[in-house]
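The block underneath contains the structure these notes are about, expressed in structure tokens.
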């Protein structure tokens, strides 16, 4: 069976690639006059660390989303309109990430950080819900999936996805009392996903070989 | 017959993906000094709702254009120069959308809203005319189309397209007296298209199965 | 023989698509306070016409470059490093177009227009030289070309390319005494190319059929 | 064996294409009032030469990275998660290039140039380390590579890569005492790579023919 989703994947790759690259536009170089001495410039650059951190965090979160998108669409062979529009909603939310990233960078160290963090983590709750919905639409309807896919593989992806929602909701709730902890929790989850992603694949390869 | 339009589709996907992602650059985070308290930041963020709404409206309108573009080009197998240049004109107009979007966001709530809305809806009139022209060029010349396409399918797409022009002209005229109603009318049409798009596909699948 | 240039075309399409879409970022909406009345906004928008014109001119010039790139690479099947780096130089120059476009828009109506126009037309001289070089590298070495290509087709493309250089040099020289005439000359040439492009294709199709 | 890396290459091409094109956004046209005379505009444009130079340098460095990425991935047929995340890290660093480019352009001619140059060359040390790591992950695991690849080809790429690290470290160290020399060293290395790239390919073609 021919894969029908090539142009959706191409368009999504484009949006992911642009969203991830546009983040750098939020990094503004220090331009004060007194930066002209080396030590002052170094000092002002170091003072920008919340921007660099927010940029890096968002870059890797979008990258992990893309890796996930890639893995899910490897299993999807046909498309319907529901899938296209839920994918559109997902891309919309991915595009939005640069806004709360700029908020985080700007309000780090102020009492408004909790608001910025709540918007940031809240957005990731929505993204996880949408990813879940996308996979449910695809997996509910066997005709959309790769013909050789096994029930075990579907259940494994199911479990993997539902996992992200409670953690992001916890991060969202945490952001009102201790925003830094909420951000650390997100970073821990994303690192865990990156590591697990390697292990899942190892298993998938073993399964392919043993079949 | 080999599909000759791969590079046109790739280039168009690129322009659609960038146009839809660049919209977010028009969202500027509030940077006033007094935002450093959580309640002030929240208040200033909520005051930006026309920007968020204009951004969302334009995102989904471009996304629906892309879905349409995808559907039309699924039926086109060969290309000529006319098709390439009309497609170029379409991409030009799509690229322009971010400008009246910024106008809408900036002038919402002022007496200049009617001008901003007229430009926004007027642009969609032009986009619909160009889409119509693109499809006419393709469908007039059977050699350009997918060989197995039926007369019924062509007529169905024809009808679907001509429908968008009168509604957008109405929205354009409405924008001079009641701009908010004009924007609601656009949003209603786009939602209707998203829903109908699902139904058209269902029919198409049934037709394929019954043949 | 397999086409080896897919990734070069993909990368080039990306750069063309982004360069053409980024132009819109140079269109800034009028933000003066007194725009809040409809007539003032309309007046200020109309005063921006040099920006809109420069944007449109550059959009279609990049689009025509892309159509040309598409046509040349349809004939190229293998790549070498020289071809890759000359293509890189071409993409570099295409990326630069947004800068003199912004100059044109800003200095229209001032006595500095001649400088802006000279840079704009001078850039197109360089682009035409690079396109010429790209095609020479490809056509000198038959191994790089589509195996079935005929001598007539090569000569036709040759002639088509050498034509652009003298016209752009004339526009460059004209820009010092009458910049508006230089811009009109460019617009005329690009329109001519768009029309001829359709005719060339018609001939190519006839040749294919008669073979 | 089917190539499994198409979507990684597409996504990477997207990020490279956007990173290379976004650089132009750092070129700001001179907007002072007194530019309205031709000679003043010309004078102010010429005063921007550090921006143009930094832009050109970064454009070609990213382009050479892309050519390298292209060559490495031509040899990679399968992917694992490690490869995807190291590729993600590489894209992250590529995206960052626009920031020290803007620093270079802004602080050229001031005593803060050494800091700007150290960050610029330091970033290229990191990029070279990451490229090296990417190739090690791929070449360590023969299953990931193109089945027909020879030991000689692997060793040749190995040698080519390890070469970049000491030169960039030298440039990094040089940037503290004589930043201009550090930038010239980078430019020389990149030119050398561009030339060698042509020769490597010539050899590769000969090998292919002689086999």
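Letters A, B, C and D mark the chains in the order given here, with residues in each chain numbered from 1 onward.
Everything that follows uses one rule, which is that a contact is a pair of C-beta atoms (placed from the backbone, for glycine too) under 8 Å apart; a residue touches a chain by one contact, two chains touch by 3 or more.
Just so it is clear, the structure is predicted and the values come from calculations on it, not from any experiment.
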Chain connectivity with chain C absent, coordinates unchanged: one piece
Contact-graph separation of chain A and chain D, given in steps at minimum: 1
Classification of the chain C:chain D interface as same or different, half of numbers criterion: different
Rounded Å distance between chain B and chain D, as computed from the means of their C-alpha atoms: 37
Gap in Å, rounded to a whole number, between the CA centres of chain B and chain A: 26
Two or more partner chains touched - positions in chain A: 10, 14, 17-18, 22, 25
Touch list for chain A against partner chain B, complex: 7-8, 10-11, 14-15, 17-19, 22, 25, 80-82, 84-85, 88, 91-92, 95-96, 98-99, 102-103, 106-107, 110-112, 114-116, 119
Contacting residues of chain A [partner chain D, same complex]: 9-10, 13-14, 16-18, 20-25, 27, 29, 31, 35-38, 40-42, 45, 56, 59-60, 63, 66-67, 70, 194, 197-198, 201
